[in-house]
Every structure is written in structure tokens, then in C-alpha cells.
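Following: one structure in C-alpha cells, then a few remarks.
Chains here go by letter, A, B, C and D, matching the order in which they are written, and residues are numbered from 1 within each.
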């Protein structure tokens, strides 16, 4: 059968990224408490294509997913992208794996246990000269507005917020540890299961710790810098404002990534 | 050219609904203050198909959209569905038109003006024996939790909430009037533009009017019944809880719709 | 601590549904080939609330999720809703569990294996007088347009389509068997991994079996009726038309559900 | 009233972006045929915040939206961002405005008219040293797979695809002209309203012009370079594959943007 993709292309236009997008796959990742966790992922994988080839071979990306989905831990992710690069004879390979990750949390007073979802992602790029890869983590929090609290005779508007982190990967770290940092930087943590005594505790804690989105990104930034573990990271905080139908948003980025994407 | 759709189908299976879905179109609707408002809609339109026809004629649904999009006000909507029914020689026609609707609001103290979005929908069904049609409206509000307020020494968690109404259409009403009812049934209204003095006012108002989702649906229900204008309606309240990563939800339905869907 | 929810409500308005919405949780379900499958779910659970109670107890819904998430198979689902009903002292309980389900498929010629995602849902309602529960399944397919094929000198437009089934549950069945029925009713099945020889086979097969959305819902309907296993079901087919930016859609419903929602 | 936002922040962390996100607003833009077009937008606006200020003033972003929404044409967009920068006394301001844009199209044979939606966006950044701004446009197309056509005895899989362009803005251009370029680079254009004679024409045209996603991005790239009007642009093509439940994807970027984002 003719290999149409392998035909010569005369247009002299290199394609930076070509591949598969929105592939849904079950995957396993590392879990600090339970060794491994089974979850489901949305996967995008691309490679570059030299100017003189007509097309890439899409099925080979899935071949690589098939080889790695039983263990897509951080340590395997760059290896997986290298495999894509080899198999497709490309100079660069790109990958994005987005998945919900669950951690069992205990309510602060009652000690009741329940599972919390944190949406995570791996985003990486490899060539023969560099490899880089960041881990993204989304952490829901509560924020009480310092301005509303200060100017009002009583009360203060508060809301659910989302902290989104991206951390350049150098060596292995536990997602759980980063989530802790983010959860301690809002007015309060968020839980799936709370009894009345927990609700009282959380409300009072939150009102003792009012935070703007600006405060949240600064606090997370300080704590991440103190770890000394990340050459580059970004922190984003979004408040689903309770008095508006839009969000308040803040973004901080620190460090450098040598090779561009 | 052969008319494949008109061919005979031997399977003896009537199709309840067949048509077009997710058609995006610019539309005009009535506006209480400015006569008309131009907005954009997502449109679904279906008709039934007798068991002995192979297919419907999809382009005719778009012909009808083309005829009515310059004025899809409530009064025209059932007429539009009747047109679909005739044109397709069907017993029943169905339509759904979903669109953002904007109203200029004034902040409660500063009087500053800004536009607020309320997502609306028309959903209707006509046959030669009945026509019914409901109007859906989504109204964002703020809610302060009565339990959190009661049990905590200070503060109370609060959050953005959404009230979703469906109102069986009998005679023309203004969307603006229904939105007012819903906005007065939360702890506070929500605004796009607020100055500091407004934020103080809203915070204090909200803390004087704590509301569960249960309270919100009951208050809206009471007020809608007092109008005496709707033979059937439903009210749904959803709180994007600030202390959880999930929602609290309540639903009330009143009255009867004679012909079921 | 005061139990605000247990206070008397004077408004005399019963609430049909109140509870939690969009709870994300890891769950396990039955798997025909591998006994069990771990996946992630979005869960909504509601109960009714008598007119004289101010509020429900939201945390108890999560207590029930905590008890059942390790095995939410079809056989346990109604039991779970009954548990909600008891625990909340309600007359009716409602539940919705939506989850991706993965099945390993083999490409038709090469035999290459890969995982396919089918989004499923359980939707149920129980009282002391009835219990009913349907299983929803989404199955992607390919459809070649019979009209385009007939009127064109060569070629025919085709596209990805989605079949959505809802099946009233009477006794246990395998999701896998229903997926087969849907996959055999399009122009061709859809796969995650295909080699060149598979692509040739699928293209030719699909062009030998052109199908409108009308044909798809009728074929699925016929086959489901032949099984004789479902007192009520509905079948929906949506084509993401390749020549339009909107969908073609068809819907058939058969049988009766005694107790309405 | 105390100005909490103006307080001193001791943490020495500059915030790159802070502002409002997901503001929904009605807007007017330029229209090649009808002078102006009213549509609805999602707006994000941010500014930087020096390390020593505690917070930004969120309401001022809405003040600027209020001033410009009646005419957010390309020529006004950078001026609007400059206004944000001034008003907030910031070094840099950022804006994103995303909106559906409608163009009336004529079917190729019947000449029937209907409206097509193209989702557009303006994304810009200004400082006192540079201003840059790109226009994003999404254009739906049809693509017939060259490989499937070549290896199959008859037929070929085809599907809806989406071309997404980003064009660095230097001087004013018509969105309509760019959409034409993208529509001519697929196997066929996509229409909202087609009669039978159009469907025949489009099917045959598409089968005479098979295109991979790789071909689409290369063709658009060639044509954009021929215009000589854009110092930087990117082109992305995504096929919602009819034989898979995932997409095929390609991306090309050309030229340089001096100042990074």
C-alpha cells in the first residue's frame, strides 16, 4: 500500500507540531500514600515534521501511549517523549497529559475523611539538546476579601477560588507537597466532607486570614521560593467572585526557562 | 437529482425528533428599555418524522431560522415552530433558542452603570392540538450561609449562586421583571461594576439576609405564585460553595403542563 | 451547636430535590473482561424535603458516597439511593453518576489493541413505592451520508457521530453488549489505533453502509427491541456534520416508564 | 473609607498580571459589509502591580470596558489597553476580547444565503516601550484524508476541521479577507445552509482536493506569506477525525515577535 505520508512535499514549510489531540486514556500515576493511582487522562502528543515530508504517522503516537499508560509517572514522562521523537524520527517531541488526581483529606475538627480532586497536567518538550517539562496543579481554596472585611461593619464577601501552579521539573517531587503549600495560602482549605463543627472552624479561620488574589499568588510564590527546588514556576489565582459574575485574577512567574516553547 | 430523504423506509419506526442542533446565529429579541437587543444564539430545531419516510430535509430548518432571526421575540417563537411544522409536513415541531441577554444595572450606592449578562432560552413544542413553550432565565446572585453564620463566632461563608427559572409561557411578560424577582431572593444581587461604597453596602445587606439554596427556591416560588401569571414553573438554585469544590442545589416545580414532553 | 437546617419553615413549600451537585470522586464499576474498572465520576445526589423543614443535611450525601464509591455497579446503585432516602428521612432520593468507561478494542485487520472511552451515566430515583434507574451510554461512530453519496459523481461527506442511549434498568446487563449494538449501527466503528490496512478496510466498509442519523436511531431501536430486555429506552444520534458547522440530530424513544420525574 | 488595596506590601513580589477575567459584555466591532456588527464578548483585562502595593483596583478595568465597548474595533483596542495602563498607573496592561463574528455566505450553486459564525479574539499587551496585539480567528472547514483516498478502492474518510489563526497586528486588515484564505485551504468550505445541488458540488470539490492537517497549515502559511502583511503569525489545524474519537493536529508559526509575553 502506498505510503502517502512519506511522499515528498515541495512547499519548503517545516511544521513545528503535528500529532494527536484529545486522546482519552486510562493511566496510572504515582501516589504518595498508595503507591499508584489509576485515573483517566486527556493526552496530546506532537512532533515536528521536516519541510520535505508530506505527513506524519499518527498511529505511532498511540503506539507510544500504549507502551506508557500503565505508568505515566513524572520520571517516565520525558522518556515517553523521547520515544515519540525516535519513533517518528523527529527533532522535537511535545506532550500534554491532563488528569484528575485524588487525595484523601481529613476534616479539620471531626476528622471525617473524603476524597478531593486536583486536576494535574504534565507538559513537556524534548529535543536532542534539551528536555523540559512542567507539572501543572489546580488547587481549590476559599478566599475572604480583605477590603470588604475592612470597610463593612460586619461580614465580608468570600468565595471559592482556584490556584493554578506550573512547576518546571528538575527532579521528582510529590504533588501532595505542592498542594499543601497552595492550600495554606488561601483564607481556608476546601473539603468535600465537613460536619457542623468543621464548618464553624473553617469559617472562623477564613475570617482571620482574609486574602486578595494578589495575596494568594504572593504567598505561594514565597513558599515555593523557600523550597529552593524550582528553577522556574508560575502561580495563578482566580476568585469566582461572590459579588460579581466574573473573576478576579492574579499571575506571578519566577525564574527562567532556557529553551523556548 | 434523486431525493433520498423522500424514499420509503420499511422499518416502521417513527422518529420523535429529527433536525439541526447547535446552529449559531445572530438574533434580535425584545428589550424592555431599548425596544430590541441584538445578541447571538445557539439554536436546535426538530420535527417528527413518520415511520415510512427515510429522512427529513435539514436545510428547511435553516430556511425558517433565516426568516425569523431578525425578530425572535416570545410572540414570534411559536409561530416560528408552526412554520417548521408546515414546511416539513410534520405533526410536531420542537425548538430551543439559547442566548445571552444584557441589562444595564446601577450599583446600589454609587449609581455606577454596567451591563449584566443573563443567559436565557426559549424551549417550545407545537402540534395541531397544543402549543407550549417555556422561557428559561439564569440569574446570578450571592448567598450567605445561615448555618455558618449561626454557628460561627464571626463571619459566614458565602458564594456566587445561580438561580435558573423555567416559566411556562401563556402571555407575553418581560424577562426584566422575572430577573428582579430572582435577584431579590438571594442574600444580595450581583453586579459587574461596584465601587467601594457599593461593596460595603452589599456585604452588609447580604449578611442581614442569609439564605440556603432551599430558601432561595422557596422565596422565588412564593413571589412567582403571587404574580398569578404562570400555570407552571420551576426554580433551581445552585451555590458554587466557597468551602467545598462542589455545589449545593435545590429544585422546586409548581403547576402542571398538560401535554408532556 | 444549633441545628439551623432542622428549624421549622413556615412557607409551606415542599422542595422536590435538594442535595449536592458536581461532586468529583474516584469510583469502581464492574468490567466484563477485567472484573472491575477504576475510573472517576461526577456525582449529583438529591432528596426531597418536606415543606416544614428549613434545610437538608448536605454532608450526609457525601457519607453515602463514601460508603459506595468502591463499588458503584448497577446492582448497588439503587441500594445507594435507598440509603440516601433513609439517612435523610426523605420520601424520594435521586442520583446521577457520570463516568468515562474504557474498553480495549482490536483494529479490524491488523488486530492492534487500544483503549476506547465511552462516557456512561446512571440516573435513578427511588421512593417507597417505586425505584427506577436508567443507564446512559455514549458511543462514537462514523457515518457516511446516503444523500451525498447518491447525488455525487464520486465521494460522500462523512463525519464522526455520537449515539447516546438511555436504557431503563430491569436486571443487570453488560455495558459492553449495548456498545456493540450501537457500533454496528453506524457506517463504521471508531477506533483509537488504526494502521493503514485498517484505514482502508474501515473506509470501504463505511462507504458500503451509508447512514443518516435517522437510519442510525432506527437500527439501534430495532436491535434493542429484538433483545426484549428493556421496557423503556431512548436512542439519540448526533452527526458533527463535515459540511456544516452544526449537527444533524435524531431521537427515538420506546416503551413506557410508569413513574414520572 | 480605608483603601486597603493602596496599603504597602512588604513581600517584595511584583505581580505580572492582576485584573478581571470572564467579564461578559455586549460589544460592537467593524464589519466589512455592514460597517458595524453587534456581538457579545468575554473579556479579560490585566495590569502589572509593583511589589510595594497590596492590591489593584478591579473596578477601574470595568470603567475602561464601559468606555470602549461601543466600538472595540482593532484600531481602538491598543488605545483601550493604554487607557488601562494609565488609569491603574501600571507599566504594562494586557487584554483579551473573545467574540463570535458572523458573516453572510452564499451557497456555491444555489446561491442561498445564511450566516456563518467565526469565533475571533484580540489579545494584546502594551507598555511605554512597545505595543503588540494579535488577532485570532477560527475558521471551520472540511477535509478529505489523502491517505484514505489513495489506499481505498472507493471513498475516503472526511470530517469537520477547524483552522485557528493568530496574526500579529501591524495595520488594520479585514477579518473577512483572512477567513477567505483559510476557507480556500481546506478540501472544501463549510456552510450553514446548503441545498442538494450545493451538497453535490461540495462533495465532489472536496474529493478533488484531499488535505491532511499538514497540508492545511502549509497552504494557509504560503498564502499568508504571500500577502506580506504579517510580521508574525501562527496557523493551527485540527481535524475532528471521523474514524477516531480524537483529533489530528498541526501547527506552524512564522516570523518573530520582538517583545515576549
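Here, contacts are C-beta pairs under 8 Å (C-beta built on N, C-alpha and C of every residue); 3 or more make two chains touch, one makes a residue touch a chain.
Being a predicted model, the structure only gives us computed values, none of them experimental.
> Can you tell me which chain lies farthest from chain D, using the average of the Cα atoms as each chain's centre?
When every chain centre is compared against chain D, the largest gap points to C.
> Out of A-D, A-B or B-D, which pair touches the same way C-D does, with over half the contact pairs the same?
Comparing residue numbers across A-D, A-B or B-D, the repeat of C-D turns out to be A-B.
> If you average the CA atoms of chain A and of chain C, how many Å lie between those two points?
Centre-to-centre distance between chain A and chain C: 29 Å.
> Please tell me the distance, in whole Å, between the geometric centres of chain B and chain C computed from their C-alpha atoms.
From the centre of chain B to the centre of chain C is 25 Å.
> Between chain A and chain B, what is the separation of their C-alpha centroids in Å?
Spacing between the chain centres: roughly 35 Å.
> Residues of chain D touching 2+ other chains?
In chain D, 1, 23-24, 117, 147, 151, 192, 194, 196, 200, 245-246 touch at least two other chains.
> For a test of understanding, state which residues of chain B touch chain C in their complex under the given definition.
Within the complex, chain B contacts chain C at residues 1-2, 4-5, 9, 11, 13-24, 44, 46, 49, 54-56, 58, 146-147, 150-151, 212-215, 217-218, 221-222, 238, 245-253, 260.
> Which residues of chain A touch chain C once you look at their complex with the stated criterion?
Residues 1, 3, 23-26, 37-40, 59, 62-63, 66, 69, 100, 102, 112-115, 117, 192-197, 200 of chain A touch chain C in their complex.
> Per the contact definition, I'd like the list of chain B residues that touch chain A in the complex.
Where chain B meets chain A, its residues are 116-117, 140, 142, 144, 147-148, 151-160, 188, 190-192, 194, 196, 199-200, 202-204, 206-207, 240-246.
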